[in-house]
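Let me begin by presenting the structure, written as structure tokens, before commenting on it.
Each chain gets a letter, A, B, C, D and E, in the order it is written, and its residues are counted from 1.
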Amino acid sequence: MNTIEVPALARVEGEGGLYIGLKDGKAVEIRLDIYEPPRFFEGFLVGRYLQEVPDITARICGICPVAYQMSSVAALEKALEAEISPQVYALRRLMYCGEYIESHALHVYLLQAPDLLGQPSALDLAAIAPQVVKDALRMKKIGNAILKGIGGRSVHPVNACVGGFYRWPEAAPLKALLPELEWGLEAAQATVKWAVTLPYPELELDYEFVALHHPQEYAVMNGEVWSSKGSQLSVSEFETRYLEEHVKHSNALHGYTKDGGHYLVGPLARLALNHAQLLPAAQKALADNQIKLPITNPYKSLIARAVELVQAYEEAIQIVKAYAPNGPAHLELKLKAGEGSGASEAPRGLLYHRYKIDAQGLVQFAKIVPPTAQNLPRIEQDLLALVPQIVAMPQEQATLTAEHLVRSYDPCISCATHFLKLKIENRE
Amino acid sequence: MTLTPKTQQKPKVAVYKFSSCDGCQLSLLNLEDELLDLAAAVDISYFLEATRTVKPGPYDVGIVEGSITTPHEAERIKEVRQQCKFLIALGTCATAGGIQALRNFASAGEYAKTVYAHPEYLEYLETSTSIPENVPVDLVIWGCPVNKNMALEAIAALLQNRRPRFPPSPVCLECKRNGTICVVVSQGIPCLGPVVHGGCGALCPASGRGCYGCFGPSSVANFNALVQGMQPRDRYPNETATLLRSFSSAAPAFKTAAELAYKLGANPASAHGGKETL
Amino acid sequence: MTTTLIDTASHQAGFENKLLMPAWAEVVKITPEAEGVTTFALRFTDPEVQKRYRWEPGQFNMLYVPGYGEAAISMSSDVSSSNGLVIHTIRQAASVTKATNRLRPGDVVGLRGPFGSSWPLEAIRGMDVVIACGGIGLPPLRGALYAIMREREKYGKVTLLYGARTPKDLMYPDEYETWNKAGIEVQATVDRGDETWTGRVGVVPMLFYHFRVDPHKTAVLTCGPEIMMRFVIYEALARRIPASQIYVSLERNMRCGQGFCGHCQMGPYFICKDGPVFPFNRLGPFFNVEEY
Amino acid sequence: MNPIDEVTQELQKIPWFQELKPEHLRQFAEISFLRHYKAGEVFFHEGDKQDYFYIVLSGRVALDLFIPHRGKIRFYTCEQWDNFGWSSVTPVVRTRTAGAVGVVDGIVIATDTDKLQALCDRDHDIGYLFMRRMVNVIASRLLVTRLQLLDMFAEPTETKTDE
Amino acid sequence: MMNEKNLTIGSTVALPKAELDHLLADLRSNGYQTVGPRLQDECIVYKEIESLQDLPRGLLSEQKPASYRLIQTGQDRYFDFIPAGQSWKQFLFPPRQHLFSAQKNSSEVHAEGHTAGRNTKWQIKADDAPTPRYALVGVRACELAAIAVQDRVFMRSDFTDPIYRARREGLFILAVNCLHPNATCFCVSMGTGPRHKAGFDLCLTEMDDLFLVEAGSELGLSLLARRTYELPSAFVQTAANRATELAAGKMGRSLDTSDLPGVLTGHLDAERWNQVAKRCLSCANCTQVCPTCFCWEAFDKTDVLGNKTSRERVWDSCFNPNFSYVFGGNTRPNIRSRYRQWLTHKLGAWKGQFDVLGCVGCGRCITWCPVGIDLTEEVAAIRQEVKA
């Protein structure tokens, strides 16, 4: 086999291609080409009023707009030294639960599962296992319903602002979701049980996991940036260790650690670093299904997502039950010049924002480090490790296996800037 | 056009992505209750976000998300047009250039330098343009993101050979039907509702904030009157202007209106200077 | 006297909460009339409704195609000899009327009606009658023609002035002979003809030049494009026919047929219930006001 | 009856000639003659040199234009007491701007236009009456043309943006 | 305590404020949904209330063109708020209403022994949701006049809107005399207020420490009879009368109604129409807050294949671009013609249609116009122009 080429990598968010150059059966070059056009968000944030930032950055990614809204409001609140209320914090977590549910259910069932079950898409899957797909859609819908209940719509919700929420969402529609959430929790538990039985390709790798960590809760919007290699930094210190590089073959920046290492963000990393903070049902799902941590097979990130689905449903139920809005929905902001960074755990991994604002609240500088950008070098390394296995395979299978690997990262290429083209070329 | 099959063949539908956030395609996937019916009614022949299967064209319906921002895209959209009998521009990127059209008001090169260490690696166009500015389009569905029910209605209308029923009225009417109180009048919040296409369900005013125009300019509206009336209510510098210069900034009506708002904002008598927030 | 399907009495007789609820009617026969114009013969599926249904020439029904919506369509047949069928001649123009293209015998559509005012057949007895219409304006007058023919002796000279764009757009061409024989002078004209067309070429208002009217005993009934009616009215007024003897059938955006929804208003009138047929003297100040 | 008497008799029936004095009628008749025509008979073609001005006494005469790819299109028909060939009495137009053909058999009065113009120049009373009639003809022809141009029955271009 | 037997329609009693709560409870237990003023988003709106607790207390609204602000009065009154952001029409003429749904059921047609095609039949199902029975709490005189105007529109002898009628016939009206007219009020000009005359079940005049309640119907009377009340002192009665009289003198605006239809419909070419068209956003807000505007639109909502359809009715507006669309064109294609239609209808043609003007002087269209167009000012300007 001379080349492997995926002219259009499907079921990833955005557009990219994959190229593997071989010599004597060994990979000599691996490139994850990002064709997603550059959109210059950091550029046109400059000069905008701070309240516009969460709405604008949401448009970086239609799959995880909440993550962009949450990281940006965190950074801007930091810059203003504004402390949000616990109620606001809980509601933000609920929003995040909605996004995890929607995004993970989409990825697990509609994007990755077809690979494991040998189907081209969930629609084809629906033909042979209609109930699975119907349940998956129902699970996903609950996530969207939470987002809709809080922010009016699931893609680019409109309620979040720097300082809290424009207005408390009405309690009744959220409470009305409880029966569905309870159903979702059970469905998520069943998903974990099912996930561990799937036939994953063999691939075990040595990862440096990086995620937010918080001692009291499963970190999503709060805590320090921890690494499985021992580094523990505050969010404001993030850029001291983690760098972005602009590589020639890609419109997405690539993230490396300061010493040139590759690291992994996302569900595998979160589970590895934060499993102790999982809520009981998620803990139980881990135990019942004898899931050993850390998971180091990238294909098995599906299992991690399934566990996080349990966690998200469980937490959503808690927050919805306790939800009783009172007090102001947002802070009265006191504008001042300042700088702040914020990070949150998008479904795909750590998302870091840093802003400088002037005394009028206008943005002077913006930096955004999306999860997929950080994972790109790691994906390339994984593929490198995969090469010995796939060179022996027939072209179609090799392509599929490589493509599947990329897909298992749930790469949100729109965020990293995005459509994959896999090309493995023999340089002889 | 009519999609009514003469034979029992289902119409072939292709979904394409150009420069965008994927949100409008996702809105299609978010049709959880209708997705399977939809898949039964049409032949989803090309939809990379949903399936690896690529059936060869030509297609009966092409749905395009995203705007044109690179030389490659400018070429590709022409091929798409040739492949598709009926072409739908889906979402504000496709219908008005999207948020990335903000580059049209500055130098994309400057932005590239801000964001990328090696702008020379990048290939991009100086402007982000809508699909209709590049190729003829048969239907536009506005929204950032689109309202999934409007997208569904468009497909249903095609299948049934009728005109899609999109809301003809501005956001204001939706507010009133929802029982939402006007934020302009009761709280002095600038709001683009009077000049923006309805269809979103008037979400922002229901959340206690002004409409930020993500559904683009309404086909008949009085932009001059809106700017004259709204700009003096700005709570931070150029609020009305930046509202207009956001998600649908390159839509001609918004472009001119924003220019007027900036001009009024430059007059110190009406500038406030960030005293209040929110 | 007209009884309506959905009047106050029928609400009380079980139409509670059934605003805009149509009665189903089955397509019995479909006849192509001209390019893009088709005649549908419909029969109510409920015999009770069929029995109760009475209408007068000039009135219209709201025809409902489920999923597409409603359109106001005039009855185009003879009131008394259509075997209880409701006959609608429809130009397939917008969403709803285009949807009728797909109908075939046996399918059902919804009907509500009849609505609106009718041609003043009683009031113009003993007079000469000029019926001036163009294009799709003939079907709403066809019922009036038949009514006059049936009691031909009760009217003076009756002239039909009818125009269409081209010869193939003329509707009911096979019937002109019969009408002539029944004492209606049919004067048809087209906007343009080819070499084989031996009839008139010109426009409807100019047909007035081909005969003399006695203004005191002439009534004009007109229906067609508004611009055509305007010039018909000018010609009639120029011949000193009083405005009160000129009857006009107007088209506006009729939606409910009952003067509730507001769309078809013109000045003080709801065209759907006060019209569509008006004596011109009542329309005078509002007709032809720009953008009113 | 001699031909001039015959023409005079026909002219007397025409409403708009009824204002003419007998000697004027006679003068008009002297330069005119009755012409019987058959269906399909061509009076003139577009582009012909002008010669006669016609008044239809009976039958029907169509005016037509040849349009490439569409053939001959009839855009107007003349019946009793209508006129055609009036361009020949205008001072500027020197060729026929349309063709004229009999649609059904009938009779016209044909008037020599050179002589007619001379007659009008010589006697302004008859000239005035004749020209006043011409203005009427042209005005009504213009109205017809205007209405045809408007294409009253046209399928309007749908401008409705949404429903 | 007053004897029940002495109460008749037209009697006025003094009701302790807390007793109103019991009256509301009584209404609710009799199957009425009580709707009344509530605070929402810095505005008084009409929505479901359970008790006096839910009513805004000590709030007064200050309304100006394009501006509505609530002010704390420091007093403990419930009904000082004057006309709310929305009108009551939402309860009688709902902004969205399902009419019926239909489901296709096709059957095969056989001809000469084989399938010739399928016939499309439909099964129709009327909306069978029960009609809510509303008790409106806090209806102003101008608002009651507006209901009377809509009665004339929807309950005519030729056609009656069954939805409106069902809701209207089940209505209980607890009226309130208005004591604090606003800068945008002109009910005196329209002859509709501020004091109620008739048409209510009960009518309150709120004093600092009690309500004066007049019984307007048998039902109102029987509800009142079950409460603890007293005969009002002459002092209180006089004070209440004075308060409503004072209110009549505090109208913020006025409208000269003499020959209004003639002035407006007679001057369709006034220059003022061009001027107002420059300011008007055509956003339809005036028509939506107007308590008498009645236009609506019905449309079908289908599933993907068109096998199921549901017909709905929604509020429409003559400011909507397609409102007056006829095949081939729009009879009112610009803002000038649409604004002119609205004003000439409301204050002109309406009279011919329903023998009443379409305006009750509540001022909502002035307050809620985002750019503050004032119909009283527009009418005055046209009068001025006509005179000149």
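The rule we apply is simple: contacts are C-beta pairs under 8 Å (C-beta built on N, C-alpha and C of every residue); 3 or more make two chains touch, one makes a residue touch a chain.
All of these numbers come straight from a predicted model, not from anything done at the bench.
Peer 1: Spell out the chains that contact subunit A while also contacting subunit C.
Peer 2: B
Peer 1: Looking at C-D and B-C, which one has the bigger number of contacting C-beta pairs?
Peer 2: C-D
Peer 1: Sort the other chains by how far their Cα centres are from that of subunit D and give me the top one.
Peer 2: A
Peer 1: Could you name the chain whose Cα mean is nearest to the mean of all protein Cα atoms here?
Peer 2: B
Peer 1: Using CA atom averages as chain centres, what separation in Å is found between subunit B and subunit C?
Peer 2: Those two chain centres are 44 Å apart.
Peer 1: At what distance in angstrom does the C-alpha mean of subunit B lie from that of subunit A?
Peer 2: Those two chain centres are 25 Å apart.
Peer 1: So the centre of each chain is just the mean of its C-alpha atoms; given that, what is the distance between subunit D and subunit E in Å?
Peer 2: Inter-chain centre distance comes to 66 Å.
Peer 1: With chain centres defined as C-alpha means, what is the inter-centre distance between subunit B and subunit D in Å?
Peer 2: Centre separation, subunit B to subunit D: 61 Å.
Peer 1: If I count partner chains per residue in subunit A, which residues reach a count of at least 2?
Peer 2: 167
Peer 1: Can you pull out the residues of subunit E that are in contact with at least two other chains?
Peer 2: 41, 299-300, 302, 306, 321-322, 325, 327
Peer 1: Which residues of subunit B are in contact with two or more other chains?
Peer 2: 160, 163, 165, 168, 208, 219
Peer 1: Per the contact definition, I'd like the list of subunit C residues that touch subunit D in the complex.
Peer 2: 36, 93-95, 134-136, 164-165, 169, 189, 191-195, 197-203, 205-206, 209-210, 224-225, 227-228, 231
Peer 1: Going by the contact rule set out above, which residues of subunit C touch subunit E in the complex?
Peer 2: Counting only subunit C, the residues touching subunit E are 6-8, 11, 15-22, 24, 66-70, 93-94, 103-104, 106-108, 110, 251-253, 255-256, 258-263, 265, 267-270, 273, 285, 289-292.
Peer 1: So in the complex, which bits of subunit B are touching subunit C?
Peer 2: 4, 160-163
Peer 1: Report the residues of subunit E in contact with subunit B in the complex, numbered from low to high.
Peer 2: Residues 40-43, 45, 47, 66-69, 85-86, 90, 95-96, 278-285, 288-289, 299-306, 314-315, 317, 320-322, 335, 367-368, 370-372.
Peer 1: Under the touch definition given earlier, write down the residues of subunit B that touch subunit E in their complex.
Peer 2: Answer in residue numbers: 34, 37-38, 41, 152, 155-156, 159-160, 165, 168-170, 172-173, 176-188, 191, 193-195, 208, 219-222, 224-226, 228-230.
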